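Dropping the structures in below, format is structure tokens.
Paired with chain B in one complex and with chain C in the other, chain A is shared by the two complexes that follow.
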Partner chain A sequence: MIDPTLLVQMVLGALLGLSVYLPLSGGQLSLATPGFYAIGGYMAALLSTGWPALGGAAPLYPLPSLLLELGLAGALAAAVALAIGGPVLKLRGIYLAIATISLVEILRVLNLNLPFTGGAVGIFAIPQPFSDPAGYLGAALLLLLLVGLLCQRLEGMRFGRAQAAIRDDELAASCMGIDTARVKLTAFVISAVIAALTGVLSAHFLNTWNARQGSFDASITTLAFVVFGGSRSWLGPIAGGLALTAVPELLRPIGDLRLIVYGLVIVVGPVFFPQGLITPELLKGLARWWPWRQREAAP
Partner chain B sequence: MQQRPPAEPLLAIEAVSCRFGGLLALDAVSLQVQEGEIFGLIGPNGAGKTTLFNVISGLTPPSGGRVLWRGTPMSRPSPERVNRLGIARTFQNLRLFDSLPVIENVLVGLHHAARQPLAGALLASPAFRRRQAVLRSQAIELLALVDLAELADQTAASLSYGDRRRLEIARALATAPALLLLDEPAAGMNPVEKDDLCALIDRIRAHFALTVLIIEHHVPLMMRLCDRLAVLNFGERIALGTPEQVRHDPAVIEAYLGGQP
Partner chain C sequence: MDTLLQILFNGLSVGAVYALFALGYTLVFSVLGVINFAQGAVFTLGAYFTYLLIGGAVGANGLLAGLALPFALPFWLALPLAGLAAALVSLLVEAVAFRPLRRRRAEPLLYLITSLGAGVILVNLIQLLMGAEGYSLPADSLGALPVALNLGGAQVRTVQLVLLGVSALVLIGLTLWLEGSRGGKALQAVSEDATTARLLGIDSDGMILLSFAVSGFLAGISGGLVGLSISITGPYFGIGFGLKALGVLVLGGLGSVPGAVLAGLIIGLAEALVPSELSGYKDAVAFAFLFAVLLLRPQGLLGRPQVTKV
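Let's turn to the complex of A and B:
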């Protein structure tokens, strides 16, 4: 039986995968997810340990306080993403990747050195809203369900179609009257909010938060979720996030070799599965066994 | 030559120049396209025809001059704003959304027609589904117009060359333009396909009350199709008039056949 703690980590991984996936499905290689994840985590850690009115001293941290943290973290991440998204999203391809990695690094260095983030040690004794991992699993699964449904709906809307068009040919998309800057910014902001919400849950779950939570390594790890799982359907990053979080934890003895595994996935994965595990063909094949799928696909 | 009474032109290009480094791709080109006409743009390779299209569609800022749409100068045009004004285009080098099904390519063109309340779309409300069904049938109609309805579910990349050219036209038409810019729509087509294309352009012009600005190398096709023609050579407009006038213009003969010694 898999340890419930690992299951929580897997679901959080799937959420981060979706966060990377949203810009990527519009052709934007943004690696900013760990930065917003860190913002969410620090928001939760600072509020719950530093603001007694939220009920941090209680045996169980009150759920309304958790919801407040989620709201504030989402809003802050959205504001940051809106502010930097305009200029950053003018960059294309690898340049966007480099700029977003820089963003993650800037946030990491800030978090190390700001007077109130606890330096390299970070913030300890973050209060627990749930008494056992099953509670976290429920909360994380609920969030994954909501975010997954959101992604599924977005793909069926004109927003999803615009994203696909931009991915294939941004210039042609703009000549079809699509405000490409706006579509890209929207995806970037939603991606940031997903990452921040995941960070809030993660901070409580881990009980401690520090600057290592949002690093360059995490950028690559979360990208691997999407590359491995597939970037053509919202199910891809979920599959990739679940699988790639589980495998290295089960292979814990190999220690830092995990990073080599991720590297290998990014290098070797596209050779053998150019579209990742979950491909449109696979979904079409599965659709025959899925009674509701047909009506969903052809509205 | 007596054109129609001087109604306001749909599109007016006033002394548009375009310089890329040392190359003057367009040299103070002026022309006016009247509503409802098929206006042809011909000229040797490198004459600046596609550059002019890029200026009109907001892809390339002109170095000088201006473009007026229905008498109003376009201010800071971007491709999406130009498209919203009612100008749609196709591309000489085909820029379809290759990984998407044929019908999705057309649905991208229907982007603005597809605007719907966000809540309904997120919840897949019945109203949203009905509207989606209407959009799909509109897309199928457009595909039927260019004889591609049967291939609606194939990916765009799998289409033959001529089919891809016609899909680009359907996709452009989906944005509900008043002016359609066709950049070498007959390139790579065989004579039968070219005839069909001629008929298609006539058909869509009547069906959508369109004005068409067309670049094409195949001169006989242009002579047959166009109401008026402009000839570009080395970035300069060297002739303008009806096909008959252009055919006998000495400057045109010189550009195409070389000057007499």
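Let's turn to the complex of A and C:
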């Protein structure tokens, strides 16, 4: 039986994977997710411990307060993403990746040094809205379901097709009349909001929040979720996030060797699954067994 | 109170090491077009190798607890040897994290993941073998040299001069080799156009290995120098440096050797000029600089602008 605490972590991992996936499915290698995740976490930690009116002293932190935090964190992340997205998204490929890593590092150093973020110790005793991990699991799964549905809807819309066009050839896409800057910015903002919402849940779940929650390692780890799971469908990052969060925890019995084995998994995985676990072919194969599939149109 | 001259020396010596380390990234990037995220771990290894070679003993926590090499080398001999050992590790990283993907012509994104995975393995191997504690090189590592020198009325730590001197030597050597030797020219040819280079009879696979070896050597040397100047704070200490060197590299312009040197010195000086009451923010200086420059001049200070051909 898998520990429910681990399940919550896995679902949070899947959410972070989706946050990296959204810009990537438009060809944008943005690694800013841990930065926005940290913003969300600090928002939740500061509000719930510093604003008594939200009900932090109650035995169970009120759900409306949690919703308020989610709203505020999402809004702040969206505002930051909108502000920096314009200039940052003009960068391409590895330059974009490094600019977003820089952003994450700047945020990390700020969080470590600002007077109100608790320094290296961070903020602790964050109130709990749920009495057991099952409650968190429910909340995280609900968020994952909503984000997954959003991704699925987006892929079928004009926005999703524009993303695919930009991924294949940005220049050609802009020549076809796609407002590439706008599409890229939209994906960046949605990705930031997903990360911040995940951060809010995560801060309450972990009970403590510090600057280690958003670091360079996390940037690449979340990218690994997407690459490992498959970057061609929104199911990929979910699979990757679930799997790669579970591996180090399931390896706990082997003690000190576990991160070495985890490293091996990351090194060997892409060699055998260059397209990730969930590939378009796999999905097509599965769709054949889907009983309610629509009849394919005659050629 | 530090005088301006001391601050200047501090900045320049750290900056020179940044430049050295950044050049290691640039070699692999110019040949393969990908960034090797294991570089930070190789840097860490260089520092640990240097520590062991000058006769340092392993602390109490690793599997190798209490062990020490039966000999103790002087620093000037230990450093290049540590660099060579780091070069070997870098070749190993290439064989494990890069070659299998290159054979399969995988997309460049995957290299970021596999090289980071290789870095995770190396860092945790160090932790397993030598424990998580920090190490510092003994104060008498530099032999009979005095701890500080009096230069024009200012006390300058000898270590800073060693950093500056060694980095300058290696940089000059590297430039001479790249510009003046057959091997260096072949490496440049492969980075310009691998297919044409192969048609001209250049062993491009060999050149890839060479770039990994040289970049591992540079990372190892930088690690040893930083280990001497500050101390080894634990198995993860190279990661932050690696990231900063990556910043230096992009700031200077990917693939530009003079750019990396200039950017290294600028970042080193900028960090040294951060007043001590704000020293917590020092680590953000490089990234704030980089972020600003990327937005204003995406090709870096001395890089060539990317031209998109249609």
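In this section, the second predicted complex is superposed on the first by the 273 of 299 C-alpha atoms of A that agree within 3 Å, B and C clash if a C-alpha of one lies under 4 Å from a C-alpha of the other, contacts with A are read in each partner's own complex, and residues count from 1 in each chain.
By our rule, a contact is a pair of C-beta atoms (placed from the backbone, for glycine too) under 8 Å apart; a residue touches a chain by one contact, two chains touch by 3 or more.
Because the structure is predicted, anything quoted here is derived from the model rather than measured.
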For this session: Name the contact category of A:Leu150: first (chain B only), second (chain C only), both, or neither.
Result: first
Exercise. In the superposed arrangement, does A:Lys284 touch chain B (first), chain C (second), both or neither?
Worked result: neither
Exercise. Of chain B and chain C, which one touches more of chain A's residues?
Worked result: C
For this session: Could you say whether A:Leu171 touches chain B, chain C, both of them, or neither, answering first, second, both or neither?
Result: both
For this session: Please indicate which partner A:Asp179 is in contact with in the superposed arrangement: first for chain B, second for chain C, both, or neither.
Result: first
For this session: Give one of first, second, both or neither to describe whether A:Arg158 is in contact with chain B, with chain C, with both, or with none.
Result: first
Exercise. Taking the two structures together, which residues of chain A meet both chain B and chain C?
Worked result: 171
For this session: Quick one: which bits of chain C touch chain A in the complex? Just the residue numbers, please.
Result: 35, 37, 96-97, 100-101, 104, 106-107, 109-110, 112-114, 116-121, 124-125, 127-128, 239, 243, 246-247, 250, 254, 280-281, 283-284, 287-288, 290-291, 294-295, 298, 306, 308, 310
Exercise. Touching chain A in the complex: which residues of chain B?
Worked result: 57, 59, 78-80, 82-84, 88-89, 91, 95-100, 104, 107-109, 111-112, 114-116, 121-124, 128-129, 132-133, 136, 171-172, 174-175
Exercise. Quick one: in the complex, what on chain A touches chain C?
Worked result: 29, 87-88, 90-92, 94-95, 97-99, 101-103, 105-106, 109-110, 112-113, 171, 216-217, 220, 223-224, 227-228, 231, 256-257, 259-260, 262-267, 269-271, 274
For this session: Would you mind writing out the residues of chain A in touch with chain B in their complex?
Result: 150, 153, 156-158, 161-162, 164-165, 167-169, 171-180, 299
